[in-house]
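Each of the next two complexes has chain A plus one other chain: chain B in the first, chain C in the second.
And now, the complex of A and B:
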């Protein structure tokens, strides 16, 4: 069986997954995409090959996905991140019916039917609200890093409401909450719920069906995961490395195309 | 092996541009010939035509500006004059044109129209009120507002039909008589309707070729052929145009020539919402390489889909019936239930594989409930859909990558379902 690779060039990070002939992950890699997507893809593939102890000629097929998918010169073909996230989530969580992917600069909710096919989806790629970028701006306003922000959620005694949907206005709102003397943890909890609110609206459009998988970099923020769980009233399934779900899906489709 | 799809262009559609250009050239020079000019939104331009006035129609002008590539520069003037970029781009386009003339800002001369002696504002949405008010406040245009309510169900139709008919008879016609200083010309209105009926009957025969597998033409071909059933109504050249188009489509069927070479389409699509007038080519270049053709849509189907109901002997009554009669689904197709009914019919009639719901950022009349419409139709017909955001003419509202991803995802959803079967 052939060794294949999936490469997901997202707006913030590029992810590569290499699968062996049995569909097992041999290696993966995550790097910042920067401004040169083709270079990021080449570098990420190289990193993943090195980790797996493989050479480029060992890979039979590379499938590209993500917003920069058309920039991957090594890719044999490309598929949208919507289909790839569905396939990746299905592989990791066979009972999945809904995927919520929050990436660097977009968020999407995907309804999944039998066999892991996409039934429907909604995307927010028009504004930063409810994306990783929103979280980064808010972390900067709070003067904490993203990891710490996730932990702060659980220290909150009095969750505040951050009502602004716009990232710029929300940042001003956070600063004014500080000025009013509110605790950092309470503001962080309010920010997590602001993202959750945005995602819940998208889940409502697609239709909530359990099991719900959360993928993308924001799934590493335990506070946001918890806020979404509270609002959805369901437990989210999060992969050990949620950022590579799309690349994993791409690799699975690659294995079917060899 | 990967198939290289390419569009087989129709010859007849090349003949529409001179007709359209003449219409707008006549309008531009009407005042120089001492002719009266009207502007209209909604179904009121026929009354101006019946009175021999040159008339401009709101969406028609926008389509024309999109076609001649003048949209962007005119919209920029509107922005300069303080019009909000989130407001209706049709509205902004007209304000921008007026402001360009008033301020002496050079724009494409083909986009410049004379200010009207009367603007009939058929209010289909709140923005049309602002449009009419803006014309009056900023340029001193005389405005006649009329209301064109949307029905919720078919039960509403007789009541609204009577309401609209009375506005035509009691307000619109007397106002045109006053502006033109002569009695209303019912005979000319009958003649316009007779020609419209003939053109639309021919057009309906052409629609049948969308049902062929593979289809013989695309919705975009029809999009550029809309003028004869729209603002060129009453012009006998429309009959000649559609006779030629019908003949060409018949020849294609006989010779088995598809709209998309080499062997026809892979995906048959429905298009919801306004046509993206300034971006027809952009979308075409996204559909065709994937073997996708758009075959039908709610907006293009609003141009008198039941011409057999046109009764030239009773012109005003017939005009009201075309929009609000129980047999005509023209305004009903904008209601929640009517939308579902019409798209459902189109899915079945034209063997549709997927729905592209075009969601205009600056005109939301047709956007409402699009996610629910997809959901309901998917459950009933097993046809997936995507929402593609954009605008009819404003490129600031169009993102290539976002459109690309959504369309590609739609094709992947269709493929996924085909494999499952």
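And now, the complex of A and C:
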């Protein structure tokens, strides 16, 4: 079987996965997408090739996905990130029935039927509420980095309510909470729950079915994961590297198209 | 066929200029009709030109002083056009105000800020069960006829009304024929062209439109098209009383879907059901209005299910899925949609809802959703 690659060009990060003929991950790469998606895709493919000790001609098929999927000049074809996240999650967690993917610019909840085929999905497509970008803006307002923000959740003694879904209004709300003298950790917990509330609403539309996988960059934020688990009352399965689930799914589909 | 389409595109590309020119050319009064249920035949029989009012393509400006931003696109766009003087060539308007809550705002706004020479508020009944509904509709249409006669000073005779009905029925037959031909070879016209064809009928005098459609049909019969393999047939369904952005229709087709038929007002619903020519023509117009199928949420019909009708249309066309197109802030559709969606889920029908609005369409996100829909149907 041939060596294939999946490239997921997201609004914030570009991810590449290279699979060998047995469907095993040979290498992966994650870089910032920046403002030139084609260049980001080329660079990420090059990085993944270098890590795997391969050359471009070793790759038989490249499948593009993500927000910038149409910008990948090296891709042989493209599939949406919805289908790719479903396929990637199925590979990593064979019993998965629901995927919650929170990416940089949008968030999605995907229902998966028998055989790993998507049977339903919901995505927020109008604003940054409940996305990685929301989290970035909030982290900036708290003057912490994203990782630290995730850890702060667990130091909270009194989870506050951040009621705004709108990123701009939520930022103002966070500043107001600071002005009222609230602790950073309590505000961070409130932010995590604001994202969780947004995701719960989307899960409600798709229908919750266990096992639930969380993918995308926000899955690296332990606070948000915990907040969603608390509200959904289920344990989320999170891959060791949740950001590459979409690229993995793309690579799996690529292997079927060679 | 190309010549006919060129004229249709010209008419629909700038309806303001076209309708204004129509008035000068024919020396007749122009009456704007709120979409969906105004019986245009009565206005035609009164010697005036009925046109269905439309959603403009410009951002709403002054209109926001009169209607809130949470009204639907056609409401805001129409009011904006009216108060900015863009519809000054219109001599009057007819609003069926029971159709939706927002339509009820029009008569007051127009009376106060536009002062049309003629304005009629129609109050046609919701289709609840019971004989009284028919009498209600007939009485309302009689009142409409009388108001037109008072405005023009000319009697609308039974014969003149029947003649108008014949002209309108011929238009319905011709549009039906366009759809039949398209069903046989869906690639013959782009979905946006089909919408423009129906829209042209709403703007042009029916006699002229009938001739244009005959020319178009003759061309469609002759034209051979290459069938696209692996295309997935889908049926757009919606309650929208306006044209949606053509970009959405193009997107559906660019993603490998084909639209062989639709359940849209600026589509198959406009020409569905002819008006009977036997007996009293007013009663016949009422009976057409009272026909429950094709079902529209604005008529308040609950004893037949819109979902069943959509599924039948999908199956009749060998289509694989349904694309619900919901205009943002359309209460009748929004209220019906959960029931419609439940029916789709229960019957295992592939269905996706795309929400569109007047000013903003998030085309990239819509593309991802539609492309995912194709992938689901195609089993990727």
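Criterion: the second predicted complex is superposed on the first by the 258 of 258 C-alpha atoms of A that agree within 3 Å, B and C clash if a C-alpha of one lies under 4 Å from a C-alpha of the other, contacts with A are read in each partner's own complex, and residues count from 1 in each chain.
By definition in this document, contacts are C-beta pairs under 8 Å (C-beta built on N, C-alpha and C of every residue); 3 or more make two chains touch, one makes a residue touch a chain.
All values reported here derive from a predicted model rather than from experimental measurement.
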Overlay on chain A: chain C relative to chain B, clash or fit: clash
Partner, of chain C and chain B, that touches more residues belonging to chain A: B
First, second, both or neither for A:166, with chain B first and chain C second: neither
Which superposed partner A:175 touches (first chain B, second chain C, both, neither): neither
Which of chain B and chain C A:114 touches, first, second, both or neither: first
Which of chain B and chain C A:123 touches, first, second, both or neither: both
Chain B versus chain C as contact partner of A:83, first or second or both or neither: both
First, second, both or neither for A:258, with chain B first and chain C second: neither
First, second, both or neither for A:155, with chain B first and chain C second: neither
Shared contact residues on chain A - chain B and chain C: 67, 79-83, 117-119, 121, 123, 125-126
Chain A - residues contacting chain C, complex: 67, 79-83, 106, 117-119, 121, 123, 125-126, 253
Interface residues, chain B side, partner chain A - complex: 371, 374-375, 378, 384-387, 389, 399, 401-402, 405-406, 408-409, 412-413, 416-417, 419-420
Chain B partner contacts - residues on chain A that touch it in the complex: 67, 79-83, 114-115, 117-123, 125-126, 205, 207
Residue ranges of chain C touching chain A (in the complex, touch as defined): 362, 364-366, 368-369, 371-372, 375-376, 379-380
